[in-house]
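A short worksheet on the structure shown next.
Think of it as A, B, C and D in the order they're written, each chain with its own count starting at 1.
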Amino acid sequence: MAQEVKGWDRNQMAERAAKELEDGFYVNLGIGIPTLVANYIPDGVDVTLQSENGMLGMGPFPYDDEVDPDLINAGKQTITELRRTSYFSSADSFAMIRGGHIDLSILGAMEVSENGDLANWMIPGKMVKGMGGAMDLVAGVKRVVVVMDHASKSGDPKLLHECSLPLTGQQVVDMVITNLGVFEIERGKGMKLTELAPGVTIDDVKAQTEAAFDVAV
Amino acid sequence: MAQEVKGWDRNQMAERAAKELEDGFYVNLGIGIPTLVANYIPDGVDVTLQSENGMLGMGPFPYDDEVDPDLINAGKQTITELRRTSYFSSADSFAMIRGGHIDLSILGAMEVSENGDLANWMIPGKMVKGMGGAMDLVAGVKRVVVVMDHASKSGDPKLLHECSLPLTGQQVVDMVITNLGVFEIERGKGMKLTELAPGVTIDDVKAQTEAAFDVAV
Amino acid sequence: MKKIYPDARAALDGLTFDGMTVMSGGFGLCGIPENLIAALRDSGVKDITVISNNAGVDDFGLGLLLQTRQIKKMISSYVGENKEFERQYLSGELELEFNPQGTLAERCRAGGAGIPGFYTKTGVGTLIAEGKEHKEFDGETYIMETGLVADLSIVKAWKADEQGNLVFRKTARNFNPMMATAGKFTVAEVEEIVPLGSLDPDCIHTPGVYVQRLIKGDHEKRVEQRTVRQRETA
Amino acid sequence: MKKIYPDARAALDGLTFDGMTVMSGGFGLCGIPENLIAALRDSGVKDITVISNNAGVDDFGLGLLLQTRQIKKMISSYVGENKEFERQYLSGELELEFNPQGTLAERCRAGGAGIPGFYTKTGVGTLIAEGKEHKEFDGETYIMETGLVADLSIVKAWKADEQGNLVFRKTARNFNPMMATAGKFTVAEVEEIVPLGSLDPDCIHTPGVYVQRLIKGDHEKRVEQRTVRQRETA
């Protein structure tokens, strides 16, 4: 069903997510599409990227001759530093995260429920790799934006009444950006569709969504 | 009574306390007689002094032209640094103390009880200045040695069955060095006189002590 | 996002209100935010709760705010250097909550780190433990202490860059780094603002995320206990 | 008190025993104590509980100790890079306790700081919270986590002096400083031992009190995910 409805591609989702960045923000970007957000930071908006392995002010990937094994991001990729960079321990890094000092976290998800529950770390019965810093980020960062495909590869909805997978955090998601549109979640008030990707109708969204949502496009 | 029994003077008490230092020890010295202990560190014994305001490797007082307002000890006195010195925050300093990483604390007291309770921060009815770091030190440091006069200026015993003043810590004192001698306190086993200052008899000590103690000199 | 302000008064503009809680860095008079304390006095804000290890001396540091009776309550570990403090406290004009110094430091660190409570052995069996939750771990008794946050933290550092990255100098570091993390707003005063990129990123004590506003101050850096030794004569 | 040992094997001599708990610093393969891990393998010690954020890869880092089945249990936040780990875990040969990364870091910091328990929001309402004490602060629910200590901590730093003062480099710092504080014994390996007095005392990340033994190691410093960009051609 509705296989032909595509909406935004990965880069367009990242570009949409980048609009959530504000001047002066400290931001943590997850692996996958969230990483692409760094490519779309609007002009005039100064953003500092945090990497939870102990760095504030993350720069781009290095040129081949700049690779430094002592300088990686939370996805274990080699990166570079900037003139503003500071390094710190993992304890200090998560004190920063847990203490609410990071303005925004953008991350991927397997499922999000209509009350903002998030599942993105574990599928029972499969090999479990671990939650890494995801539980700390969603519990601690001021605002959590999820960027994910609207439906799974097999076409199942990922926006649900309740998550079926083990949770990463309870009532932690503030916004979901999918290929079909944008949803806002207000704690205790449920989910609201606020934006549609070009060429996507409300009915298209409803057809691929299990979660209850208000429409405010 | 027994006013003529003097035993050790301040410097001799400090010298005796210095015998508790072992090679490689990290030590915190309190204000007063404990500060003098630094003058008697035995040859061949390498000791690193901690100052709880955020310094490991405290040096001697500065020469007049070396005074630096950014470099003080926990008694707010100007001091100097050594080649081994490191500085850290108050939180890191007390993490070091609370976590049991300091080998020895030598400090003064108003009262010590036979089970090792210590009172040295407050006299009810008088203006209270505060406990500073004393409660943290006695609770956290591996071994606590008290250096104090055996009796108060008015001749009252300071080694008591139970402290009459509000406590700094409960069962925290391992050794008491007074002008009359040395007492060891083993947790749950009470106090033991292990050494007499020159010219002091066991009866002299008994006459000025309320606390029960075994004799093992 | 410009963090650098022209002076202490401008840096506090809009951040003060009566009844607020302020953390103020420093140990004794070492590493205190002199300029911001004076500006806080000049702001006229009243009924402040001040969290600071010490209370300054009569005519310097937090003593200035005691003179003008702008402080309602102090949370400190030691206040022995201040006569005006003693007078106001004994006459009942000033509230006082003593915390062991390490507990105070850790409460600030916890507040900034999103930790609302932690257990410590410090103070067990003393007045400090009264009314606090006790809990056993491995047969030892501990008490629970809570994290502290402030409406405003004022701190003093040695150097900063325009991003608010801070470096402290020697024992003037003390309470400043934790307090910088525990303020809803944190304003820092420094001796020098250096060009971006000139601080070693491995040696930044307080990352800029914790500093919302920044000034270059003029510092008297008064010495409380000048203690010196004599050079031996030949 | 000489802290400097000739090599990793000598530095671990007398410190290992079957069933012991070992903390091992590093994030991924970045900042891991390569030489000490290899020496731990060569010591033949068995049934180790290892506290480490990750489990290395099959043929490097903690993967070496998995190959030889010396590890009984891992306490980690992410182990996705290691196939041998997966095999042993799925076959029930290996125990595994997942901690959220920030909780793991704070548990090590707490263990070293004499804090047996603390409260965090991380993991509330998830599997991680099951069986843990819940407590409300200001209307929000938190769970209690406990401090961790180890019989032995092995860490990797960039530079050290003979007193064991350590300096880390860039993101190779990660878990090393907290783990250095939480070991009953801590052994550090560094790239360079510098003369006493040549480290800036304001920039020492781990004061020497936390380091009982020290070696200069040889470091491969393997890169896990070499990710580069291309220079634009003119």
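Note that contacts are C-beta pairs under 8 Å (C-beta built on N, C-alpha and C of every residue); 3 or more make two chains touch, one makes a residue touch a chain.
Only a predicted model underlies this, so the values are computations on that prediction, with no experimental measurement involved.
Undergrad: In terms of touching chains, how many steps apart are chain A and chain D, taking the shortest path?
TA: Contact-graph shortest path, chain A to chain D, evaluates to 1.
Undergrad: Based on CA centres, what chain would you say lies at the far end from chain B?
TA: A
Undergrad: More C-beta contacts across B-C or across B-D?
TA: B-C
Undergrad: How big is the gap, in whole Å, between where the Cα atoms of chain B centre and where those of chain C centre?
TA: Centre-to-centre distance between chain B and chain C: 28 Å.
Undergrad: Distance-wise, how many Å sit between the C-alpha centres of chain B and chain D, to the nearest whole number?
TA: Once rounded, the distance between the two centres reads 36 Å.
Undergrad: Could you give the separation in Å between the centres of chain C and chain D, each centre being the mean of its C-alpha atoms?
TA: Roughly 33 Å, centre to centre.
Undergrad: What is the distance, in whole Å, between the centres of chain A and chain B, each centre taken as the mean of its C-alpha atoms?
TA: 55
Undergrad: Do you know which chain A residues sit against two or more other chains?
TA: Correct list: 81, 87-88, 94-95, 97-98, 140.
Undergrad: Note the residues in chain D that touch 2 or more other chains, in rising order.
TA: 106, 109, 113-115, 120-121, 168-170, 173, 201-202, 205
Undergrad: Give the pairs of chains that touch; include all such pairs.
TA: A-C, A-D, B-C, B-D, C-D
Undergrad: For chain A, which residues are in contact with chain C within the complex?
TA: 23-24, 26, 46, 48, 50, 56-57, 81, 83-88, 94-102, 140
Undergrad: For the complex, which residues does chain D have touching chain A?
TA: Checking each residue of chain D against chain A gives 27-31, 53, 76-81, 86, 89-90, 98, 100-106, 108-109, 120-128, 158, 168-178, 205, 221-231.
Undergrad: Could you please specify the touching residues of chain C with respect to chain A in the complex?
TA: Touching chain A from chain C are residues 1, 109, 111-115, 161, 163, 165, 181, 196-197, 201-202, 204, 207-210.
Undergrad: Help me check something: in the complex, which residues belonging to chain D touch chain C?
TA: 106, 110, 113-121, 135, 137-138, 140, 142, 146, 167-170, 173, 200-203, 205
Undergrad: List the residues on chain A that touch chain D in their complex, please.
TA: Result: residues 51-55, 60-64, 66-73, 75-79, 81, 87-91, 93-95, 97-98, 117, 122, 127-136, 139-140, 166-171 of chain A touch chain D.
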